[in-house]
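Okay, got some structures for you below.
Next, two complexes with subunit A in common: one pairs it with subunit B, the other with subunit C.
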Partner chain A sequence: MKAHYKTAVTTCALLMLGFGLLYSTHKTINVSAAAGGTITGTIKLDGTPPHQKPIDMSKEPACAKEHASNPVTTETVVVGPMGGLRWVVVYLSEGLDAGTASQVPSETPTWDQKGCQYIPHVMALDVNQHFKVSNSDPHSHNIHPLPAPNGANHEWNRSQPPGTPPFDQVWAGQEVAIPVKCNIHPWMHGYLAVVKGPTGVSDANGSYTISNVPAGTYTVTAWQEVYGSQSQKVTVGAGKPTTADFTFKAK
Partner chain B sequence: MAKFFAVTILVIAILSAIPIVRNTWHPVEDISTHGQAIDDQLSETMWEAGISFLASQILLAWLIWRFSSNRAGEKTKSFPGGAMGLVAAAFILVGVEVLALGIFGVKAWANLYFTPPGSDAMPVQVQAGQFAFYFRYPGPDGKFGPIHADKISEASQNFFGLDPDSDPDAKDDIVTAEMAIPVNREIRLLMHAKDVSHSFYVPALRIHQDFVPGLDLQIHFTATKIGRYEIVCSQLCGLGHYNMKAYLDVLSQQDFDDWLRKEAAMQ
Partner chain C sequence: MNSFKRVHCCNAILGFLLAAGFTVVRAQDAPDVGPHPPEPPKHRESHIGNITGHSQDAKSDYRRYCAGCHGDLGDGNGENAQWLDPKPRDFTIATFKCRSTPTGTLPTDQDLYNTIGRGLTNSNMPIWNTFSKQQRADLVAYVKTFSPRWEREKAGDPIKVPAEPPVTIESIAHGKALFTKLECWKCHGPQGKGDGPSASTLTDSKDNPIRPYNFATGGNDSRFKCGSTNQDIYRIFMTGVDGTPMPSFADVIQPNDAWDLVHFLRTLQVNRHSKENEVLKAAGGKIPAYVEKSDNNEAPANQPENKSSGNGN
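So, the complex of A and B:
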């Protein structure tokens, strides 16, 4: 009897020790901001952008009224006053270590439907990062992302009546980028870029920032919905900003 | 007992006729040139059906009252000619009624569908797709450029899949989300569906035509009153069918020209 008791206690102690060791090597989810560098830059368009057409929303009177004094246009190529290209997704296509690549931010950004437009027009997400889809309009929308077939991401579409709370979604695989449309309002169009690692999306001036980049050498890729992708190599030092500018050529 | 039944039939017939007559629903004001015949047909049908209903119920009640009997030994009366006679009479009566309606209605139908549009009718094209209508005007050259299904891009508002760079006829085409037409001008509407079946329904115009996928259809009409009307999809086409509509603006010729110029500038 006493022998069995001893075995049991020893086994338990060894098991506890073993698990303790395993847990101590487990990487934490939270990103340490102090350790990362940043990549910034400006994205420009060389040439004349294609004419962006005004959108007639008369089929949905609430949206037509909302934009009556300030009509919206298509957003396939949005260029600022100084030639800066907006809505370009910039990400690290090569060079990410496995640890950084597997980290998933805890923030849940919102993909909103307002005034019969997707706000923002392009959103960058990490793989397995949760995001919220919300409807801020007084009528239904039917959100329909169209990921590439036979991939890790599966197509879905969902009606969202007005006044209902935002719902949660997540993408399982890297994809640059998933086009999103609304089945009810044909002019609504946007993109969800799902990428492992930190990303940036250029603003109205064409400026972007990728934060929390560990020191190392990377291939930085910029993607725009009409002009496709461009890449360049950069080396990031710990805590120091690195610059990577891109110029797309208008066809 | 039978006499009570006869009275009950009469009472039910009259009581059901009263609310129908008192709450007659009238269609919206007709702004078309062909619609009068359709409205007349509707009126005639309602009158004829109403009178036939009351007449048949009164006749039934009278027959029950007159020929019913409780007395033992009384033979049952039968319709002259027996069962065959009854069937023949019913056949003839109902047949004549339906035939009459059909003959009167054929004229209204032929006036719209078997009469070709005038040579100076203004062509407008409409494409129905889940879940919106888009319209195309041929522009100054009067020709519609070819449609390339693979070039359709809703993100850049190319709903018809036009390729103005390669097709000169498509260069001046004007694509709009609203349909405007000049008043008192015959319109030749070219219709096709992008995906599933839809329907073009403007109640005030008395126009109701299905889009059949794969078919290029043509209808023609003339609007006689300036105003803003709804074009609603009236063929279930999916989850957005309830929301599928566009607006028809009937404008003066001057306003229409201004509108078309404004739309052309936005292409």
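So, the complex of A and C:
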């Protein structure tokens, strides 16, 4: 009996070594067996948010008319009735294995210009993930992203008249986050957060969900355009939800 | 070997195999986050025609002629910069206004060579016709040492500029319709005087206030930021003026239509003798409404001339 036991354990150890080698070199291996965990949470603002100024769109009559009954304000700090902080990007800043980090989603989300605003105000993308830029307004915009200098991403500036088919774009470098502006309409501001791995963006209640997180230990980071970043460590179990809440302090 | 030693020996081997297995599984690449350290300056070369420029040969020329504005670090913070508007180019970012390459891409060595020799109108960048070709080529190479972008990326592919079609009143009329439709007047104003509704709030990419080009300025010699020929105008709006609010229209204008726009823009330079202004004068000084040749039921037969008035006054 003892001899059989030793053989079995030796075989198992050799198999483990073999699979380990296989896993490390085969980067695109499907990790769905261990994936499927989620991280959810609520992001709150502690304190009084800064006053959001109403935007005067009279220089673009079509937009002024669109918002006449529902005036639009700046969106630097958007807080819901229960103190939930919107437009916070939540991502995995540490702990991602190379396989998950190198996966690029095939979805192409849309960055739209409508009513002289960017919809959504903040969009999270994966590195090398294609996205579409569209103009739903009856007049021209120019799309002018301004990445930080000397990274992998570089500034460009394209005009997009109404009726133009959406532009297909992609960012090659991780950057949280690239500010985007329109020179014709100086009140337009938005952010493209480009980061490897799965992400979430908090909604009007401050709630977010990051799906398809393989089991493991991670540093979760939340970024907001005025308040910057905060991080915490979480452990995700296979197929089980994990919670990570964040609270930012109003200055 | 007695059984006691054999057990421990085998267990040790098992333990080693298990540990090795774990180590290989865990030895993955860390995600690429965070800033990269600055790369040390390298010697760079430039290639313009059959001349090769060498950065190490331009060091004293740069110091003598360029560093006062562009700074010893090439970041646009020379001692003169505080009194200059627009500010001198920051070479460390490798964003350049005057290119033959698409928006967001690096210019060619020839583009930089042309800019040094031509200067930049409405700025403090002089026309450096005092340099020899070799000196200029060496300075182009030196400018490229300030940003690591030149190492990581190749220059963009220069855009194709098709042969210019004849200047006719129809071409000018179409150009005017494009000027209206593409909303150039939002910044440049209906008569191209730089007084459009969005002009007063324009800022460049470093948040400095900036004004759109005023086509009506100057006399017979009025130049643009990036040249003075029709081909230069074509390139300006088909590649955009990077670092400024002026976008690229390459995605939204067909090449032949672009030439019509060039012809119209020349008529906004009211004080300049040009073929376009001659043709306009011969047509009675008023630009007719543009009639779409293809049956496009979007364009009305008579377009009201309310947005721009060309040379008629």
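In this text, the second predicted complex is superposed on the first by the 216 of 251 C-alpha atoms of A that agree within 3 Å, B and C clash if a C-alpha of one lies under 4 Å from a C-alpha of the other, contacts with A are read in each partner's own complex, and residues count from 1 in each chain.
The working rule: contacts are C-beta pairs under 8 Å (C-beta built on N, C-alpha and C of every residue); 3 or more make two chains touch, one makes a residue touch a chain.
Computed from a predicted model, the values in this text were never measured in an experiment.
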### Query
In the superposed arrangement, does A:D46 touch subunit B (first), subunit C (second), both or neither?
neither
### Query
If you stack the two complexes on chain A, which partner ends up touching A:N142: first (subunit B), second (subunit C), both, or neither?
both
### Message
After the superposition on A, what does A:Q174 contact: first (subunit B), second (subunit C), both or neither?
### Response
second
### Message
Looking at A:D56, would you say it contacts subunit B, subunit C, both, or neither? Reply first, second, both or neither.
### Response
first
## Note on the structure
Of the two partners subunit B and subunit C, more of subunit A gets touched by chain C
### Task
Classify the contacts of A:H154 with the two partner chains as first (subunit B alone), second (subunit C alone), both, or neither.
second
### Task
Determine, under the contact definition given at the top, whether A:P186 touches first (subunit B), second (subunit C), both, or neither.
both
### Query
Taking the superposition as given, does A:E107 touch the first partner, subunit B, the second, subunit C, both, or neither?
neither
### Message
Applying the document's definition of touch, where does A:T76 land relative to subunit B and subunit C: first, second, both, or neither?
### Response
first
### Contacts on subunit A seen with subunit B and repeated with subunit C across the two complexes
59, 139-140, 142, 159, 183-186
### subunit A-facing residues of subunit C, complex
10, 13-14, 17-18, 20-25, 27-33, 36, 92-95, 103-105, 147-149, 152, 181-183, 186-187, 197-198, 201-203, 205, 240, 242-252
### In the complex with subunit A, residue positions of subunit B that touch it
129-133, 154-157, 159, 176-178, 238-240, 243-247, 266-267
### Summary
Seen from subunit A, its contact residues with subunit C in the complex are 6, 9-10, 13-14, 16-21, 23-24, 59, 92-94, 96-99, 101, 139-140, 142-144, 146, 149-152, 154-161, 164, 167, 174, 183-186, 196-197
### Message
Per the contact definition, I'd like the list of subunit A residues that touch subunit B in the complex.
### Response
50, 53-60, 74, 76, 139-140, 142, 159, 179, 181, 183-187, 189, 225
